[in-house]
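Have a look at these structures, which come just after this line.
Shared between the two complexes below is subunit A, which has subunit B as its partner in the first and subunit C in the second.
After this line comes the complex of A and B, so read on.
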C-alpha cells in the first residue's frame, strides 16, 4: 500500500524514473537554496506589494502604489536607476572595447603572451573588491597621485592655459568618474580573455584565404574576425555590464552621496532611513532588470558557443 | 608558374613581427597600469610618514601600521573573524555541494529528472542577482531565527555566493571522470556511496581544491552581506577597510595593511586555481 502511494506521488511529481539516491544527495542543497535564496526573494517581492509584512511600515493590503511611485519621473529611485544604467553602460563599453582592441592587436601581430603576463592581465579579476575600491580611492582622492600629477602639469603650463583652477574632484563625484575608471580597470581583462579565446578558435585558413584574395588587414578584421566573435563579445559586454550593475562595494566607497548607485540607494533607504517599502520596491525592480540582463547574457553565450567559432 | 604565385600565401607585414617596440610599449603600458595600482597597497601599508608637500613618495617607511593591526583589539578580531568565517564557509560549502555535484556531474549516466535541472539553474541565480536584494529578504528571516548579527548567520549567508562557484568547479571535475570507473565498481558490487567515497573522492580533488579556494576567497572578500546582516557585532576585514576609507575615521595606511590580508592570500590562491584549472577559472561577477 505504502509502495503504491509512493509510486503515485513520484508519478505525480514527474520523478518516477529518478533514482531516490540522487534525490537524497540533492536534498541538502535544495533545502539551503530554498531557505536562503528562494524565501528571501519571495519576501522581497511580497513585501513590495503588501502581501508580506516582515518589518514595520509596510502596507497591510495588496497594492502596487510603490511601483507607480517608483516610475514617477520625479522619484529619486528612478533617477538613481538612470544614473546606475548610465555609469554601467559607459564602464561596460570602455572595458569591453579596450579588452577587444588589445586582443585583436595581439591576434594581428600573431603574438602569444608569456604565462606571467597573461596572469598579470587577470589580476584585476581576482583582486578583492574592497581592495580595488581602496586603490582607486587613494589614487583619485584630492591628496592622491592622479590629482597631484594633474596639478603638477597644470603648474607647468600655467602661463599658457588654465585647465584646473583648483583640485578636480575625481572620487565621490556626481558623475561617477571613480566608479567608471575603477570598473573599467576591473573588467577590461574579462573582455580581453573572452576575445582572445574566441579569436584563437577561428580557423586560420579563413584569414589566409582572405589575404590571398587581396583583403587588407582591416578587411580581415572587420569582415572575418568581428562577425565570427560578435556573440562572444556581446556576452563579455553583457557580463561586464551585469557585474557592475549589481555591484555594491565599489559604488559604496567611490560613489557620491547624490546621485547614488541603485544598490547604495536601497541600502541607505532600508538600513539608514528605515524606508523599507522603497527599499523592497527598488530591490525588486533591480532584480528584474538584472535577471533580464542575465537571460540576454546566457543567450549570447549560447549563440557564441553554437556559432562554431 | 603563374598559378603557383597566385596561391602563395601573401606575407602580412604585421605577422610574425613579434615583439616590436610598439607591441612592447602597448603590452608594457597595460601591465604597468595593472601592477602599479596594486603596488599602491604595499606602498601605503609601509608609509609611516607622508607629507602632502612631498606627495610622490613617503618620507618614512616602516612596519608601524602592520604592528598596530595586531595591537588593536577590533582589528585583530576582524582578522580572526574573516579567516575563521571563510574557513567554516568553505567546509560547509564543500559538504553541501559535493553530493549535489556528483549528481549533476554524472547526470548523463543516471536519470536525474527535472529536480537536478532546477537545482543546477537555481544554484546559479545568486551570481546574477544583486546581493543587496537577497540581504534585504534575509533580514526578517534572520531576525525571526535569531541569526541576525551572529557568526552562524554570516557563515550561512556567505555560503549563498560561494555555492555557485564551488559547484562550477566541482561539477566540471565529476564530468571529466570516465564513466567506466564507476560501472566497473558497480558491477563488482560496490554501492553508490562507496563509489563516491573510494572512486570519485580521490579523483575529483583538483576540482574540490578549486571549489574550496573559490569559497574561501569569496567569503574573505564579502562585504555587503556582513554589512547588513552581521555588522556591528561581526566585523570582518572588508568592513574595517570601509571604515578607514569611507567611514568617519579616514586612515588609508591602516586600510592598506588590512588590504594586504585580503590581497596576498586572494591572489596566491587564485594563482593555484589558475594552475589547477589551466586558465579556465570561473570569473567572478559583482563588485
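After this line comes the complex of A and C, so read on.
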C-alpha cells in the first residue's frame, strides 16, 4: 500500500505510517468535524469581530469592541466568568474528592459493593441533567423537603440554639449552593469510576509488600495509592471541571438572577435579548477557556496512561 | 307606430292587463326582496356600540383576477392539502392547539402538521431558510411573541401581506391598536400578525389571608404594601419570566413619565439613561421587603409555586400560570384572588404570522381564520386560562366559566375593548431587562 511520506501528518494523527487508505477512512470524521465543529467555530469567532453576519444585528465592520466590553470589570460578563470558574472549581473539587474518597475507602477496606448499591452510586450517569436539576429544585426550594426538614430540626432545638431565623436560601441563590450540590452529585460517579479503575490496575503486591514492612493503611494510601493514581485523579478533576464549566441545564434551573453562569449569560443575551454580539463574544471566550482545560485534561490523561502502562 | 305605442303606454297608466299585473307584481316583489337584502347588508355593516362591525361579503365580481376572493383562498387551501403549524407554551397550550388542529382537519379535510416546540427554534429555522435562500420553508404559520416577531420582520422572514384584514373572522378581534392589530409590543405589524391569545398579567393575592380591600389599588402601591407585610411579596426575575418584565414595563410607565411618553414613540436610549432612576430606586427599596431579599424566583411557574406553597401572599403573575396551579391541584382555588391594579398591567396578545417562505400560504390563512373563529377562541379561557383575542368568545362562555378565579375581569368588553388599555414597548422592555440585572439583581 502507498505510504505517505509526510511525517507531520503522521505526528498529527498519531499513526506511525500513514497510508491513503487510512486517510480515506478518516475522511468522514474529518468532514464531520470540519462542518459541525470547525465551521461554527470560525463563524462564532468572525461574528464576534463583525466579519460574519449569520444573524441580524451584528456590526458590519471589523471591531473588537465587544471583547473590550467583555473584559471591562464594570460590565457583567467578567463577573459571570469569575462566578462560573469559582462555582465550577468548588464543584469539581468536591465531586472529585468525594468520588476518590469512596473508591479509596472501598479499596482499603476491600469491599465489593452489591450490584444494587453500585447502581445507585452510578445513577447520575444515566440521568439527564435537566431532570436532576428540577429534582434538586423541588428538594431545595423554600417549600421543599430539605428546607422543611432543616426548619423542623431548628424548631426542635430552638430553645438551645438558633441556626436559622428564616428559611435558608438553598436554591437560586447568589452563592450557587444548589448548583454546587447538584453538580457534585452529578459528577461524583465519574471521579469514583476513574479512581476505582486506576486503583484496580495497581499491582496488589505493592500493598502487600508495604503491609509486610509494617506500613499503616494511611501510609499505603499516601505513599503508594495516591502517587500511582495522581494523574488519573487530575484527569478526573479536569473532566469534572470541564463538564460543569460548560453545563447549562443545572445553572439555568438552579442559578440566581445574579451572578449568572456564563452559559446562562450567553443564553439570555442571545436568545432573550437578541444581543448576538455579546453572545458570540462570550461564546468565544468560553471556548478558549474550555479548550485550554481540554488540552490539560488530554495531557493528564496521557500521563495517567503512561503511568498505568 | 312604435313611438305611438310608447306614448300610449306611458300615458295610460291605469289600464294594466292581467299579464302586465303579474309582471309588475313580480318586479315589485323582487325589488322589495332586493331592498330587504340591502337592508340586511346595511344591518351587518352597522357600526356597533363596541366599535366593531360584522364582515360584509363583497360579490365575486368585486375581486379582479389578480386579487383572490376568500372562496378562492379556500379552494387553493384545499389544493395545498396540508398546513405546518409551529407554536410553543405549556401543557395547556399544547392541548389547546391540538384541539384546534383536530377541529380544523375535521372541518376542512386539510391535514395539520403541528409542532409544539419553542419560539427560538422556529425563529431560527425561518431566518436560516431565508438567509440561505430556501424558497420552501417548513413552517406555514408560527406563533410568536413580540421579540421574535420583530426579529422575523427585521430579518425579512415575514410574508408582508396584510393577512389580518383578509381573514373573515378577524373582525372579531378587539379593535384596539395595542392589542396586536397595529402594533405588537410597539412593533408595527402592518397587518401581518394575527393576534390569538391575550395573556393577562395580574396582581395575585391570597384570599385566605387578605381581602381585596387590603391589597394595593394602584400598580405602584406595592412598595407600601410590602413595607407593611415584609417578606410576603416577590416577583420573578425580569429575564426569566414575562410576568416580571411586563410588570416592570408598567412600573416604568407609572414612575418615569406616563404611558404617553413611551406609547407609539421610537426608542430613545437617553430616556432610559436619564429618566429611570426612580424605577431603580423603587425596585431596590422594594427588594428589602421582598420574600428572601436578593433572590428572585426563576420564572412564572416558580413564583406561582411559591404562592401555592403559601410562601408568599402577593405577586404579579399571568392568569394562565395561576390557572395551571389550580388545575393541577397545587393551589386551592379559594385562596386565589386576582385583579388588575390601576391603571392596568398592559399585557400582550401573542399570535401568528405567516413566514415569507411558507409553502402552504392559503392553507395557513384558512387555519388562522379557523382559530380566530368564536368557537375556537372559546377554548382559550377554558383550556389555557387566558383571555381570547375575540371578545365575543368570552361573551359566549357560561357565567361559571367566566367566574373562574384566575380571570381578573369578568366583563372583558368593558375592561379591555372599551376600558383603559395599553401595550408594552419591546425596545424599552429589553433595555429594562438588561439594566435590571446590573441595577437591581447585582445589588
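What we mean here is this: the second predicted complex is superposed on the first by the 272 of 309 C-alpha atoms of A that agree within 3 Å, B and C clash if a C-alpha of one lies under 4 Å from a C-alpha of the other, contacts with A are read in each partner's own complex, and residues count from 1 in each chain.
Quick note on the criterion: a residue touches a chain if its C-beta (ideal position, glycine included) is under 8 Å from a C-beta of that chain, and two chains touch if they have at least 3 such contacts.
All figures in this text were calculated on a predicted structure; none of them were measured in a lab.
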| item | value |
| --- | --- |
| Simultaneous placement of subunit C and subunit B on subunit A, clash or fit | clash |
| First, second, both or neither for A:169, with subunit B first and subunit C second | second |
| Touched partner set for A:64, first subunit B, second subunit C, both or neither | neither |
| Touching partner for A:302 - first (subunit B), second (subunit C), both, neither | neither |
| Contacts of A:258 with subunit B and subunit C, given as first, second, both or neither | second |
| Touched partner set for A:201, first subunit B, second subunit C, both or neither | neither |
| First, second, both or neither for A:157, with subunit B first and subunit C second | neither |
| Partner chain(s) touched by A:271 [first = subunit B, second = subunit C, both, neither] | both |
| Greater residue coverage of subunit A in the superposed arrangement, subunit B or subunit C | B |
| Partner chain(s) touched by A:121 [first = subunit B, second = subunit C, both, neither] | first |
| First, second, both or neither for A:288, with subunit B first and subunit C second | neither |
| Footprint overlap on subunit A, comparing subunit B with subunit C | 54-55, 143, 253, 271 |
| Touch list for subunit A against partner subunit C, complex | 54-56, 76, 79, 141-143, 166-167, 169, 172-174, 253, 255-260, 268, 271-275 |
| Contacting residues of subunit C [partner subunit A, same complex] | 120, 127, 131, 147, 151, 154-155, 231, 237-240, 292, 294-298, 302, 305-306, 309-311, 430, 433-434, 437-438, 441-443 |
| Touching residues (chain side subunit B, partner subunit A) in the complex | 6-10, 12, 14-20, 23, 26-27, 30-31, 33-35, 37-38, 40-41, 44, 52, 55-56, 95-97, 99-100, 102-103, 110-116, 119, 122-123, 125-126, 128-141, 143, 156-157, 159-160, 163, 192, 217, 220-221, 223-224, 227-228, 237-238, 241-242, 245-246, 252, 255-256, 259, 262-263, 266-267, 270-271, 274, 279, 283-287 |
| Subunit A - residues contacting subunit B, complex | 14-15, 17-19, 21-23, 25-26, 28-30, 32-33, 35-44, 54-55, 102, 105-106, 108-111, 113, 117-139, 143, 145, 148, 183, 185-186, 189-190, 193, 208, 211-212, 214, 217, 239, 242-250, 252-253, 262-263, 266-267, 270-271, 279-280, 283-284, 286-287, 290-291, 293-294, 297 |
